[in-house]
Amino acid sequence: MKRTLREIANLVGGKIIGDEDIEIKGVGGAENASSGDITFALNEEFLKLAQQKAGAVLIVDTLATEDSPNSLVIVDNPRLAFAKVAKLFAFKPYYRPGINKNAYIDENAEIGENVSIHAGVTVEAGAEIGDNVILAHGVYIGHNVSIGENSIIHPNVVIEYDSQIGRRVEIHPNTVIGSEGYGFEPGESGYVKIPQFGNVVIKDDVEIGSNVTIDRAATSSTIVGRGTKIDNLVHIAHNVEIGSDCLIVAQVGIAGSAKIGDRVTLAGKSGVVGHLTVGDNTTLISNSVITNDVPPNSVISGYPAHDHRLERRIKVARKKLPDLLKKVRQLEENIKSLEEKLEKER
Amino acid sequence: MKRTLREIANLVGGKIIGDEDIEIKGVGGAENASSGDITFALNEEFLKLAQQKAGAVLIVDTLATEDSPNSLVIVDNPRLAFAKVAKLFAFKPYYRPGINKNAYIDENAEIGENVSIHAGVTVEAGAEIGDNVILAHGVYIGHNVSIGENSIIHPNVVIEYDSQIGRRVEIHPNTVIGSEGYGFEPGESGYVKIPQFGNVVIKDDVEIGSNVTIDRAATSSTIVGRGTKIDNLVHIAHNVEIGSDCLIVAQVGIAGSAKIGDRVTLAGKSGVVGHLTVGDNTTLISNSVITNDVPPNSVISGYPAHDHRLERRIKVARKKLPDLLKKVRQLEENIKSLEEKLEKER
Amino acid sequence: MKRTLREIANLVGGKIIGDEDIEIKGVGGAENASSGDITFALNEEFLKLAQQKAGAVLIVDTLATEDSPNSLVIVDNPRLAFAKVAKLFAFKPYYRPGINKNAYIDENAEIGENVSIHAGVTVEAGAEIGDNVILAHGVYIGHNVSIGENSIIHPNVVIEYDSQIGRRVEIHPNTVIGSEGYGFEPGESGYVKIPQFGNVVIKDDVEIGSNVTIDRAATSSTIVGRGTKIDNLVHIAHNVEIGSDCLIVAQVGIAGSAKIGDRVTLAGKSGVVGHLTVGDNTTLISNSVITNDVPPNSVISGYPAHDHRLERRIKVARKKLPDLLKKVRQLEENIKSLEEKLEKER
């Protein structure tokens, strides 16, 4: 696969300084790109590195020089432009149109055009697999699951019955979608499972990391909104609803029935208690826990999570706590001795 | 599958107001049940919803009305009754008696009656699979593993050698039972593994979520007691012993050799340090860490976990810490100036 | 499999008191070893237990007695010696040389001598599998992955393209190596993935637990150093570099581009923020978060992690915080009343 630099500049809306006809065969980091690669640079240091070996460099106009040893492409956002170009050249390890003879497809499943279904895959009755979908090694697709076109399901992912997966969704290895929610009622001889016959709905353009668990709702749907990106080892409980364009970072846990707005960031290892509402555009700092409803546009941290600036002041202040205790004990004595002096002088 | 309302009332020990002969074909939530469904309601608001569409509603007697548009079933605990009825109608996606031709069963494994063994399953030598057991897609059952009757093992679960799984146990996808415990001894040229040749014992009626890890003991057994329910992404280290009817919520971690009593709740993201004993009926609040032995009937939180009421007071007080520091500095000055005044006046 | 006690003593450099010719057939814990087993004891209590049933006991010389009912082997470090002996006798459930007919090996993969490749395994083009490697049930080995000799890959592990796995590496079930790093750039219509075309490099003698996730680097390599041991449910983000002989305990999370030195211990549930450097020989206490660069030889805890002794004093002091607030309020009043008295007396 090759593209001329002109084709690439057209793709990202860039302006070329240098040779428009050179052929680009791939992408690389500034420090390890080769002469057939395009890379990007955000400052002069990286630009110098990139000019030593790469065939071309994506930069903003303020970094442009006339005498560059290689071609430059001026764009508004070099990192974003690089992301687009890299996608063009990306290795697609699971793209292999056809159905492997060691995949088990139920005769009542609907399979779209140009799908890649690998060895060890199971697709159950009633499932609908869209065009260009990839189901990699060992994937399990339960009854009546639908997967929208162009989605990529990595090895050993399990998607249980009735789950609905949108278009252009990518799910990384060993993740579980649609397992039963965790709900029990004390019975005469131990806990009785509260039935979990709802489903999971994953909207378009969602990306989900490895070893993530997203549980089915009790009676309705657990929902992950359009464009939301979920990192590894995240737990999303039954009946949670997450809005669009959220960032849910590694090892986050969201308890049952929480409602997360749009463009919310939950940083690593943070948590949200059940049945709460988190407003749009909220950012929760890492290792914090939301225990109350949160208004939109909040920047919060701590456990319980509250205004991040307050929490930062608390985190500084708590270091002084052992000394504070001593000082207060000292002040107490000072006051006592003052009182005694005053008493005496009467 | 259909049942008359009379049959259902008998199952849950309920009393019918209305038509006993109507046929129930399934269950639904109060807000989305259809006319062939039975649902439940815990208050008047939900009863009203439920009366609009459902065929019948499970309620307590104080909610009963004479003029209900649909049939009512009076029970002591509507949620519990609903759980039982729902189980009756539940979709059983993995119930498919027989052994798939793409499963690999060692000739020295013992397989019970009426098992459902799916594609891509491996069962090793010496394993014993009880009657009515379900081994779903891609499950691995190691040497000498036993699985009690009526247990359900979801796709891609791995159960390593010598593990003992009880009856009516359910294990959700991608969980690992019986992996080696984490124990190392410094040697001449790096860490040497401390042998982990014990096993894991899961008692009857346990439920285990997705992507859980339960490690085998070094020389004896890691034990999960009867009826205990474990949520997703939980880590249980080697030699841990957990009692009966515990609730171990998502992302909890229990370090090696900890002993957890009966009816203990460990809320989400909490942890237990190794070699500790946690008494019966203890509740650990979410995101807390137990660092000392805990007597029975404790309600604890924080890190280190201590009395929950104390921790709540601390969590309120710490918000005032930055201001407290200022105030103490002010008091210090006030005292100094008092001392100076007193000095002067002498 | 049998060994004389003499052979075992030679293996661990030990000195025998008793019968050198007895045959040892296995290992056991002090409390449950049988007469053909060897065990170890670190104190008199365990030695007594071990002498009741075991065939032989590994001990230090200070525990040696002349009249032992069974044979003793004097060594410098009984636990370490036991680890070596146990490895000799260990059950090797996945050792089964040959390639299962239900494994799918690409014709362009290179397969070493004496490998055990089980049912349901996929090995893609360009992969290199070293001598004596074990790929258990359902493992996925991506394009151009290399696995060094004598490594053991447990069931359902997924290793994505270009990953390099060293020699004598053991990876436990359902772990994911080489999944895409989590990096996104805001675009015109939602987040755009930052390309992740680097790889993961696992050096020799590394052990990795179950359900772990180690992400590929954006353009270079995520690295785990020689002899490092990783527990279950750990998350290692893209571009992280971990040194040699580290202990990374369960549920730890390490954010992108963090650099961890040699012989570092990160205890359970702890975390490291991205782009930081953690010096050699550092110990991070459980449930703590590193938020700044850490010099070598540190013992740290808390969030933010700082000197562990300070954090311990803070943890004690914070229990007194609610009372401290009251006391300061009281002191404030005392001072006020002192000031009033002084005012009056003028």
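All chains are identified by letter, namely A, B and C, in their written order; residue positions are counted from 1 within each chain.
The rule is short, and it goes like this: a contact is a pair of C-beta atoms (placed from the backbone, for glycine too) under 8 Å apart; a residue touches a chain by one contact, two chains touch by 3 or more.
The UniProt protein names, listed by chain, are A, B, C = UDP-3-O-acylglucosamine N-acyltransferase.
None of these values were measured; they are calculated from a predicted model.
**Student:** Which chains are shared contacts of subunit B and subunit C?
**Tutor:** Chains in contact with subunit B as well as subunit C: A.
**Student:** Which is it for copies subunit A and subunit C: same residues on both faces, with over half shared, or different residues?
**Tutor:** Subunit A vs subunit C: different; shared/all numbers falls short of half.
**Student:** In whole angstrom, how far does the Cα centroid of subunit A sit from the Cα centroid of subunit C?
**Tutor:** Going by mean C-alpha positions, subunit A sits 26 Å from subunit C.
**Student:** Subunit A: which residues touch two or more other chains?
**Tutor:** Within subunit A, residues 102, 120, 138, 156, 174, 211, 233, 251, 318, 321, 324, 328, 331, 335, 338, 342 contact more than one other chain.
**Student:** State the interface residues of subunit B toward subunit A in the complex, per the touch definition above.
**Tutor:** 27-29, 31-32, 77, 79-80, 82-84, 86-87, 90-91, 93, 100, 102, 118-120, 136-138, 154-156, 172-174, 205, 207, 209-211, 226-227, 229, 231-233, 244-245, 247, 249-251, 268-269, 286-287, 315, 318-319, 321-322, 324-325, 328, 331-332, 335, 338-339, 342, 346
**Student:** Once bound in the complex, which stretches of subunit A touch subunit B?
**Tutor:** 102, 104, 120, 122, 124, 138, 140, 142-143, 156, 158, 160-161, 174-176, 179-180, 182, 184-187, 189-195, 197-198, 211-213, 215, 218-220, 233, 235, 237, 251, 253, 255, 271, 273, 289, 303-304, 306, 310, 313-314, 316-318, 320-321, 324, 327-328, 331, 334-335, 338, 341-342, 345
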